[in-house]
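Heads up, the next two complexes both have subunit A, just with different partners, subunit B and then subunit C.
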Partner chain A sequence: MKTILKIAWRNVWRNKLRSGVVFASVVMGIWAGLFVVSLSIGMMDQSKRSTIESQVSHLKIHSTEFIKDEKLMNNIDPSTLTALEEFLNSDDRVKSFTERTVIDGTVTTAHGFKNVKIIGVDPEMEQLVTTIYDRLDTGSYFSQVKNNPILIGRSLGDDLKLDAGKSVNLSFMTIDTNSVSIGFKAEGVFSSGNGSFDKMNVFVKRDDLNALLMCDNYIHEFAVMCNTIEDAALLADAINAQFPDIEARPWNVVSPELGYTDEMMGTSIMIILLIIIFALTFGIVNTMLMAVLERKRELGMLLCVGMNKRKVFIMIMFETIFLSLAAAPIGLLISWATISYFGNHGINLMDVEDAMYQFGYDPMVYTKLDASVYITITMMIMIAATISSIYPARKALKYNPAEAVRAI
Partner chain B sequence: MSVIKTNDLMKVYTQGDYTINALDGVSVEIDQGEFTAVVGPSGSGKTTLLNAIGGLDEPTSGSVLINGQDITQLSGNRLIDFRMRNIGFVFQAYNLIPVLTAKENVGFVMLLQGTPAAEREARTAELLKAVGLGEIMGKRPNQMSGGQQQRVAVARALAPKPQFILADEPTANLDSKSTENLLDMMARLNKEEGITFIFSTHDQRVIDRARRVITMEDGKIISDEKRSE
Partner chain C sequence: MIVKLAWKNIWRNRRRTFITISAIAFAVLFAVGMRSMQQGMEEQMLESIVNNNMGYIQIHNNGFWDEQTLDNGFYADEIPIDEIEALSEIVAVDKKLETGTLSSNGNISRGTFVMSYDQTKELPTKITNNITEGTFPEAGKGEILMGEELAEYINVEIGDTIIFLGQGYQGATAAGLYTLSGTIDLHVPDLNKIIAYMTMEDLQEFISAPELLSALLIEVKHPDRIDETIKDLESIVGDGFEVMAWYDMNPELKQTLDTSAAKGWIMNFILYMIITFVMFGTILMATQERRYELGVLLAIGMKKWRSMVMVVIENIIINIIGVIVGIAIMTPISYHFHSNPIVIQGEQAELMESMGFEAVIPFSIDPTIALNHASIVLVISILLLLYPILSIRKMKPVEAMKL
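Moving on to the complex of A and B:
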């Protein structure tokens, strides 16, 4: 067996150019596949994190009525509010939370109007939960404008030709169903990373909003960040068990598309890897078939002098496997190195920033890949190499030694 | 006693509507220690006869007895194993394994036989010296001349101590000097060690050195001449 392995290994390097091409294609295939996967995972992961940090948070709590109909009067009952605050303050899984007043309204400027969700926040508590304060393109975060400051999203600002320092009118219904239109001053323009969110949401101070609504501290929404994302579902269950008139929903229920992202990524990774492995398999089979054809005389001689078919089969199989696997460690190493580098330094996609923004991605992408994917692709290459070897090896066995040995 | 005996050997090829009798009732006996040339024009059946004797090609009918055993009754791995232990092959195009050295090529069949390493090493060295290549044991085929490669092929054929050696046009690719050297070497092995050689050849120099010349035409033996030393 040792000699057969030795012959198989040396045979791999008989035609250095051809083996080199296969070697390079395996390296490139592995690298390209893993890099594309890591880029996709990096983008998806970043988008998910960004969406959670700027929009969804780990958990949202509303009154059950508000979930059905987002009306002003469907706020969380004040008695529940106090108990819920106590619960959240005492639960170890809770990292931070904030309370919001949420109503529908219209933003109007000289250039047009847009229907938006007006979110009244406590600026200090909000900073503990979301990263909007850190995502301002222009202006400041509720610190410079004394009367009726408002934060607007970048895409809304673009549509209404609105920038920090300019005035807008907010129109909404008060508690007594009167329609009011009040002047606000745009203090900052934020960019959450998601163009749709930025177009449809504005932030104002909760106290300002409650005063204008003529209601006393109406809270429609709790946004909660947990210590870990895995705590969200368990905490939601605990809250729902204790408070029947409210409903806590973890991030993947509030934003189902984020939950699907994980599942989709797993499937996408497998599809990408399978396509690459499939293409490599064809290349390897083609190369080995050529090698078997070129070496017809030699294989005929081996059969003549007493090498049985099992050994010939094993020799060709090992040649194929060696050819495939010799390049795999280098491909994996280069992939690991580049993915690690761009995982730390990021890839700047500023050239397509607008498109990325509209789809909810940051232009700076950090590649990311779990160790399990490296293990998966290694196993897939080994399986593909073994499968690739069967056809050329079977072809070699079909040679008639008497004819093969005289082949030109 | 005859080492090889064929009885009424027939080999028929069919090509479309045509049938070709590559061997047409060939019966021949070859004794231990013979130095025999099978000659004849292209298509006369000499290579087919050697293939049948070597168990490489199954005859349509008839039998091939090697030391009394009918190899036409063997198949698959039993035939391959029989070939490995009893028959040495030398090919026109040498057919050495390009990625192995001369020493490794010679030892290869012994390795397949499971010969212990020490014994294999000793016999390989002895054989390469016997064919005059003791100095180039570590060279690969592409570092050797055609004559040297064919000597290595003879050493490889001798390695498993076969009953006889079948050499198909062994000098066809060699120059005059290499041919003479090779024939000298094989004649010496035949004379000194009693090794049986059977050649198929067109080469007059081989025919001149043979002690028995079997001439074939249209699949039949048309003459069988034994010569004295």
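Moving on to the complex of A and C:
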């Protein structure tokens, strides 16, 4: 056995060209498999993360009545409010949270009106939770306009011919069911990446809104970001257990379609991975078949001098195993390098010139992969490579030594 | 003479020829297969979203899209529907009517978005798959189907009576009593709180405007030729109506599909790298294997350029055969998976179905896929002939003939 190992090892080095091809096939297979998976994961992650950061947050907390009916008076009870603030401040899973007043209202300009959700925010707290401040197309984030500033979405602005610096009227009901109509000044126009979110939501300062509603600290909604997304469900359970009259819902309950996309991508990744492994296997089979053909004389010679068929078979298998063992670390290294590079710099999937994607939509995808996946896929490729050398090796055994040795 | 030699060479070493042909054929098979699958998925995603919600094209009264009220609706006889249906591109024309109203039970009430379905047509799977209790309303019975959370909120159960109160067409007051026939869960909580369905006849009666419609939903034969179809439709319906394509009404879907196509191209690029390598490996080993033979030819005085031409001719013939074999194998496979798509199993399938997607991955049978990708493979395989050409150029007959 030791001799066979030695012969196989020397064979690998003797014909460097042939070894190079098999070696490179395995390297490329590992790289392709890993890169495709990391790209798919990156894409899923990107759309999810972008929606969570700009709109959904990791969890949202409302009063139980508010979830059923988003009415003005279904706010969070002041005593619960203080207790909840304390709870969130002391829980170390919480990264940041913000408190909002959320009411229904109408935005009116000379060009028409739209029903919207008016969200009153504390600009500083909000900045720690959502990325709206970073997604302004024009204007600024609650810093320039002194009196009643408002942030509106890009698509709402287009509909109402509204831009930063222009004035709008907001009308809504106050607590004593009086209807008010007040002038606001558009300070900025944001694009969250979701056109219908932009059309249906406007942001104002919570203090301004509470003053107009004639109340103080009237909070309907908490939006919370956790340190990791996995904490969201646990934290929601903890809050729900402690506070009976409010309900905390994690992102996948608030916005179930975000969870679905994960599921739907899974199958297509598996199929593509299979195609790649299959193509690679085929490539190795083909190269090795050609190699066996080319080595006809050499193998015939070995058979003639008395090496038995089993040993020839084992020798060819060992050659492939050596090559894939050597290729694995190189393939891993190249994969790791490209995945980290595109993980930092991103891949641009869209033509940036295209007007449709100028606002809000993020066409950059950042590749990403868990360490365990690196190992699994590398193992899969190595196994595929080894298996694919069985058929050519068996072919070699069919040679008639006397004829093969005369082959030129 | 060279051509003859090349032809004989192809048949002389059949095994080598066979291996090379199979490499090219498989390259075509993989490239075409992967793209057919991707394109099939994209086509299906578009089809199910578009069919369930909005049609490829919608026609409404001018101004309806910006302000979706009943007063911006139109009467069915204002548009020559027969003429539209007669266009060769049009598969079906569906009528749509929807409006907002207030539904109440006792002193609980909530704003409700009422959609209606033309009872003469089959219900979309998005509805039939998601009815949680009861049935879809039948025509003339004054029945409604409500979102689960809406029914729960106004506290009604199947068989209970609900009061609808709202505004009808052109300011008329609309009021009516309806029986709850079932509940539906559309898997979008915000929608479940406001949605209700009834038959078109009942809804038209409620708003006291028989034959009033909000939109015509149009299904087309070739989604890729939608721009021309829109022009045809515009000339039929005239200036008083707006004809909109799905991508104007739902730019987010267009973004999703474009992103998916861009990703498809990256995947294809990676697959092509592997394919190129497979072909290169094969041609490299094939050249190695015949070094001796080529060395002999050179030694007996054949000019190098002649032997190069000979190898190139041989390989081009082999490549073309390979490409044809590849297409010949792939076409029936594509057709098979087009009519018997890969079925997704388990929990994932349920999720997809509940969202109105069919849980299958069909293959596209667009003939341009095979044509484009087979040509790409052919071009790559011809470029790879540089290797044997270069190796003949460097070849020294004496060394080549050493064993």
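Keep this in mind: the second predicted complex is superposed on the first by the 237 of 408 C-alpha atoms of A that agree within 3 Å, B and C clash if a C-alpha of one lies under 4 Å from a C-alpha of the other, contacts with A are read in each partner's own complex, and residues count from 1 in each chain.
Keep in mind that, in the parts below, a contact is a pair of C-beta atoms (placed from the backbone, for glycine too) under 8 Å apart; a residue touches a chain by one contact, two chains touch by 3 or more.
Nothing here was measured: the structure is a model prediction, and the numbers come from that model.
In the superposed model, A:Phe278 lies in contact with subunit C only, and not with subunit B. Taking subunit A as the reference, the larger set of touched residues comes from C, when subunit B and subunit C are compared. Touch criterion not met for A:Ile229: it reaches neither subunit B nor subunit C. In the superposed model, A:Ile387 lies in contact with neither subunit B nor subunit C.
In the superposition on chain A, contact of A:Val180 is made with neither subunit B nor subunit C. Shared-chain residue A:Arg10: touches subunit B; no touch with subunit C.
In the superposition on chain A, contact is made by A:Gly306 with subunit B only, not with subunit C. Shared-chain residue A:Arg297: touches subunit B and subunit C both. Within the superposed three-chain model, A:Val405 lies in touch with subunit B and out of touch with subunit C [touch as defined at top].
After overlaying the two complexes on the shared chain, residue contacts for A:Lys68 are found with subunit C alone; subunit B is out of touch.
According to the touch criterion, the shared surface of subunit A, contacted by subunit B in one complex and subunit C in the other, consists of residues 297. If you check the complex, the residues on subunit A that touch subunit C are 17-18, 21-22, 24-25, 28-29, 32, 35-36, 39-40, 43, 68-69, 112, 159, 194-196, 254, 256-257, 260, 263-264, 266-268, 271-272, 275-276, 278-280, 282-283, 286-287, 289-291, 293-294, 297, 347, 349-350, 356-357, 361, 363, 365, 408.
Within the complex, the subunit B residues that touch subunit A are 47, 51, 54, 56-57, 77, 80-81, 83-85, 89, 91-93, 95, 97-100, 104, 108-109, 111-113, 156, 160, 168.
For subunit C in complex with subunit A, the touching residues are 15-16, 19, 22-23, 26, 30, 33-34, 37, 41, 66-67, 110, 149, 153, 187-189, 251-252, 254-255, 258-259, 262-263, 266-267, 270-271, 273-275, 277-278, 280-282, 284-286, 288-289, 292-293, 342, 344, 347-348, 351-352, 355, 357, 361, 403.
Those residues of subunit A lying in contact with subunit B across their complex are 3, 7, 10-11, 14, 297-298, 300-311, 400-402, 405-406.
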